[in-house]
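Common to both upcoming complexes is chain A, partnered first by chain B, then by chain C.
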Partner chain A sequence: MSTATRGGAERAATLLPVLRRVLLTRGPLLLFAALLLYLSLASSAFLSMANLLSSLTQAAPIAIVSFGLAAVVMGGGDDVVAGGIDLSIPAAAALATAVVSDQLTNQGAGVIWAFTLAVLAALIVGALNVLLVTVVGLTSILSTLAMYATVVGVIRVYTGNRRITVDDPTMLFIRDARPLGIPMPVWVMFAAALAFWLLLHRSAFGMRLQAVGGNQEAAATSGIRPRPYIAASFLIAGVAAAVAALALVARGSGSSPGIDERLLVDMVLATFVGAAFSRRNIVTVPGAMLGAILVALMSNGLILIRVDNSWIDGFKGVLILIVVAAAALQNRRRT
Partner chain B sequence: MTTTDTATSFNLGAWVAKYAFVAAFAGLFAFFSLRTTTFLSTSNLMNVLEGSMILLFVALAMTLVVSSGGIDLSVGIALDFGAWFVLIAMLEFDLAWPLALIVALLGGALVGALNAFLIVGLGVTPFLATLGTFFIGRSAQQIGTGGGGNVSFRGAPEGFQSLARGDTLGIPNALIIGAVVLAVFYVVLQRSTHGTRIHAMGLQDPAARVAGLRTRRYRALVYVLSGATASIGGILLSSGLRLYTPQAGFAYLLDAIAAVFIGASMHPRTRPNVPGTLVGVLFLGVLGNGLDLLGLDFNVKAALRGGILVLALALAFLVSKHSAASPASGE
Partner chain C sequence: MPRTSSGPEPVLEMTGIDKAFPGVQALDGAQLSILPGEVHGLVGENGAGKSTIIKILAGVYERDAGSILIGGSPLEDLTSQAVHELGVRFVHQELHLVPHLTVAESVFMGHELSRSGLLRRREMRRRAERFLSERLGAELDGEALIRDLGSAERKLVQVARALVDEGARLVVFDEPTAPLASGEIDRVFAAVERLRDQGVACLYVSHYLAEITRLCDRVTVFRNGTDVGSLAQLDEHSHREMIRLMVGRELGQLFPERSSEPGEVVLAASGLGDDGAFSEVDLEVRRGEIVGVAGILGSGREELIDALAGLRRIRSGRLELVGRRARLRSPADALDRGLALVPRDRRNDGLVLAMSAADNVNLATLSEIARTGWILRDAADQQARRMVDQLDIRPAAVDRPARLFSGGNQQKMVLARWLAADVDVLLFDEPTVGVDIGAKAEIYQRMAEVAERGAGLLVASNDTSELLGICDRIIVMVRGRIAGVVQRGEVELDALIALVTGGDAAGDAVGAGRHAEDAAEIGEQDR
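Our next item is the complex of A and B:
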């Protein structure tokens, strides 16, 4: 970014406004491009197929929970404090992961039964959110944050805060199989992206959901009752959590304590960084996937060039601020 | 603005809303008194009060920010910086302890200033701005402590240690500090024109601006004060433990948010308010202490605590919604 600015200043003053506009509208993308370019120059392993595929595999659960979050943000409106947000998705995903692992390893259940139970568990979390948000009338940030803490506690009781290793052949297949050279979890991510894109961006349901999120009163006036749509968005988030559990179990060969926390951070980062890539600066499914991939690439790249673990959080923090600040400035110019 | 309304129009619904949660609180209190022999002793109740003071500061900071229509996810970082800076100032820079307190407050204010710059200067939403600050602050602590080591100061000056451990005229110093800060917050936020303006800003920012309020200046001040207030909690934590542990503040974030909203549910128009926050803080203090005394497994305690919190919030808001009040949250 800095080299581009310097180059522009040297040439002509007429270039400056254009450059400024490009930097503001495409700033986040340019920033990521510069970072990725730097990482590929600093580490020869960064652009290797193995690293790219491993980054994509790591992006899979992040992307899938971000799709769920995208549904809730669309239905609740993008004001994070008063509008829609679901911080409990990572906890629901961790719960589903624990249920699958426990069923497969300790209860001797089949894969289908294990996942049915996992979907049920995640849907219960979603249904409780629906109850708290639409019936009780709590703001979604408060109810899902409290739900997050509760579910994490439930997971700790359920698993005794211990790791559950899975060696079920189907799960090992999902972990190791590579149709067309691409790992299964990545296929799961692509399939989920397609399904969520169709549901949220290309269906009548998706349009109504976005209408509710955009302006509840206007939607209600034109005959769309907001409540069922908001309720549906939290249940969709629950389903997303259960699908993410598939990728999580495959990636980690089971369930480990503490997966929820890293997932929470990465989900929020991916979803809102992804929003900065969309033209109207809103949360979208493709944006969320792009955000998740960039977050995973960056985490991997920073580890490859041996950045100390202590710095990585700070790096992510600065990055999210630059991206959302650029988006905010862009919005301000427009209004 | 907020309190005069209750005085002028008394209605039954609001009254029930106000006391349903208090009744549940009393039930919890009675349960712990019956199930444990130690809960209902003067010394234990004093412990609950003293133990609640750190959360009180964080929750007051959050009350201020939520009143202005925002949220501050970095209060835990401000607490950490307070706890950290006060020890470093004495250990490494040999400052007298009262000066070290000022350094700690500045540390918290610094966190708030970064938020203010992002929110007021750049127009980033409070959630994302304070989340970014949270990550940066967490990283800064990791880097500054060489990967997350503790900073211990066993031989801290007597005066500093007495902030959390000593008492004056038989009253613990922590309670006195808490009462003073609480009173200041009550007067400023509930009884002064500044408080009215902050609430106005939180309810209708464009309207407040049209009415001539300098919302940018007020909003910046709100975040800086939030950071400084949370850092008082950090000072108390370091004074009591003579030890700083990186990221200890995170544990207070959810509790602070919960306390503010439990408090808001008791308000006739579900606005955050200082007395309500105090009730929320005491509820969480009693809950934590009681669950400790029941001698439950660590994991079971975490799950129960979360579940009861969700139930309490649901109860508080369900009742307030069905009374005359219109929830500020849904708008």
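Our next item is the complex of A and C:
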């Protein structure tokens, strides 16, 4: 009798830490899984092909900006306060979207020229971030938040806070074409994922970037100078923002005020929930893509079961808090 | 192996190296010569110049004078790149690794293998595994994550990273076993011996004399910025000789006379342990006593002090303060129970540098000089002036910001704060690090006065002679445990250093009859 209870207590003692670890590392995923399961039961339309494809299409811009965020987090380290983060990416993406739309519709420019300017605009935002973070030495969370507000202000002045509709045939083609039955923006997402994956996970550059983010001193003693890598990560984020603009213009048939707001919340949620997909429990490109798909599925599902739009944003905010808190708790246990 | 001067050409020859920092001559004509295929030990007390000469070799500092020959060719402009090309590799003391990278990625960090832009992951894994196994004798999975490895395995990965690009002729190991538990050291030793058998010379810097004796063929001893001797054919007798060379100085008039009668026990610990830095620590401090904690970096000394101060969780054992059991969650808890810490980094942890001297002194006693939450300016001024007088803080300008005072006077300011707070137990962590010799004597004097007024003091320090000079009793920590307790006047400095550095000779030295006379001498020197 007494041995039996002691055995039970011992098992509980070994089971508890395991349970705790699983909850901390994979908890956010379990939460999402439960939510998606509920949605598929609550709405018959949720698992329909039309809804899945539309969710994937909506996931595209979220995923692409998340790749940019993943690069910054990798190079700056995953500490939520002192580590790397770039909150200005959605604003840069919105700026690039406005530039493309304005060029195509109002200035009569060609697609190539419009996109060249958009990439330039997004890169300027990235370069300002580099200046503030690596030269001035501000924490990235503070400087990119200020940069976000600044760029949003610039967009408002630039567009007169009005919608710009695009009817350029190339953009309409990207919006409507469905090679192999899959919408074009989804292909753009896959292509971007492949490119970013190769760059960040399969190149020497990517490994060095991870070394810099993981332990700057370790990188330095291995002959890697941290600053150029951190700087590069912010420029990569700028490129991601410009690519995301392609999906954004196609999705909205132009540029409309406020697209940056939801993108910001979705990007942060997708990137950090995506860490739970990786064996090492770090932010990765494939994780960010899967995270973006989860976020899009969830947003669509909640609309399908007629949850008021006003609730959805707050709900996502709570999810971010849970995800980030779980990561922080885990880091605390590691030290 | 001893070699005559007609033997092989040294891998590294540094002669007449000078290096001055503001106020200190860190190196003064230092010499260091390493032969091919030997493991060469470098020992010396803190501040002897070991790390300075290593940093000069690594290209971190520039030498003021002296010549450096690597493999016979002189180096005028020494850059880290030039040294690397000549086959010198460094294994740093800290574990410079990224927890979420794999073994293969860590080994190739900074010199990744890639083909047309893409990493050759399989090739890196294969080579990393082969290198670890063949050259260092460690069978590791190249895909394992660093955070899942033990600390010896991590150290070996770090060694592999330093050596994997081949061409290594000389490897500098800086305290490689400091973060390791005793059972894991053998694996690192085996790797070093393997490297020697493969013809690579090793420079092995360590505080642990026992390790030096076991592993090294020759050893160079540094003191006061220069080499004071070199030993070959090391055996158990070499210990005393190394220590004699390391110490070679007298304890001066630095330390105050002490004559307090110990009173009641104010701090009692039994079986204290944390997450692994220290365990089974028993200790007792009485009113009027100064108890020392000796131990090299990594011995658990710092962690013990942090735990007692409420900065680190105690996981096992029992702690009593002034007769009552204490469970400390924060320094504020500790202060409530009458215990305060004078931290090692006074500028960052001890003072609010922008605030005035008076405000810093009064910080812990605000409730006594305030009424209904408002600070009484006069009472505050009075208390600050009293403490500044008592501790002879100079200049005696209570309104001056703390950052404008010298290190010694800043330390006195922290001390004044706790004197004003009238604590029962005061912990000191490296009380005189970075202060000049005059201020040192004064700080020791104040510490003795605090003890006389009835507080119990616990002092942790890297400086063994300081502990020997001021403490009634010294607890020696080695690898997280108490390795011995010595009473004032019972041992000589060399015996204490032997104990601190985990030397096998320590047991003989402490308490052996022939040291009774030496101890009496130390007593004389104190006066």
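Throughout what follows, the second predicted complex is superposed on the first by the 286 of 335 C-alpha atoms of A that agree within 3 Å, B and C clash if a C-alpha of one lies under 4 Å from a C-alpha of the other, contacts with A are read in each partner's own complex, and residues count from 1 in each chain.
In this section, a residue touches a chain if its C-beta (ideal position, glycine included) is under 8 Å from a C-beta of that chain, and two chains touch if they have at least 3 such contacts.
The structure presented is a predicted model; accordingly, all values stated were derived computationally and were not measured.
When the two complexes are overlaid on their common chain A, residue A:281 makes contact with chain C while staying clear of chain B. Residue contacts after overlaying the shared chain place A:89 against neither chain B nor chain C. By the touch criterion stated above, A:318 is placed in contact with chain B alone, chain C being left untouched. Ranking chain B and chain C by residues of chain A touched puts B first.
Contact with chain C, but none with chain B, is seen for A:217 once the two complexes are overlaid on the shared chain. Using the contact criterion defined above for the overlaid structures, shared-chain residue A:156 touches chain B, although it does not reach chain C. When the shared chain is aligned, chain C comes close enough to touch A:204, but chain B does not. Chain A has no residue lying at the interface with chain B in one structure and with chain C in the other. Interface residues of chain A, counted against chain C in their complex, comprise 198, 202-204, 206-208, 210-211, 214-215, 217-219, 221-224, 279-282, 334. Those residues of chain B that touch chain A in the shared complex are 69-71, 118, 122-129, 131-140, 142-143, 147-148, 254, 257-258, 261, 297, 299-300, 302-307, 309-310, 313-314, 317-318, 321, 327, 329-331. Put simply, chain A touches chain B in their complex at residues 79-82, 85, 128, 131-132, 135-139, 141-143, 145-147, 149-154, 156-157, 160-161, 265, 268, 272, 308-318, 320-321, 324-325, 328-329, 331-332.
Put simply, chain C touches chain A in their complex at residues 90, 92, 94, 96-101, 105, 108-112, 114, 117-119, 121, 145, 147, 161.
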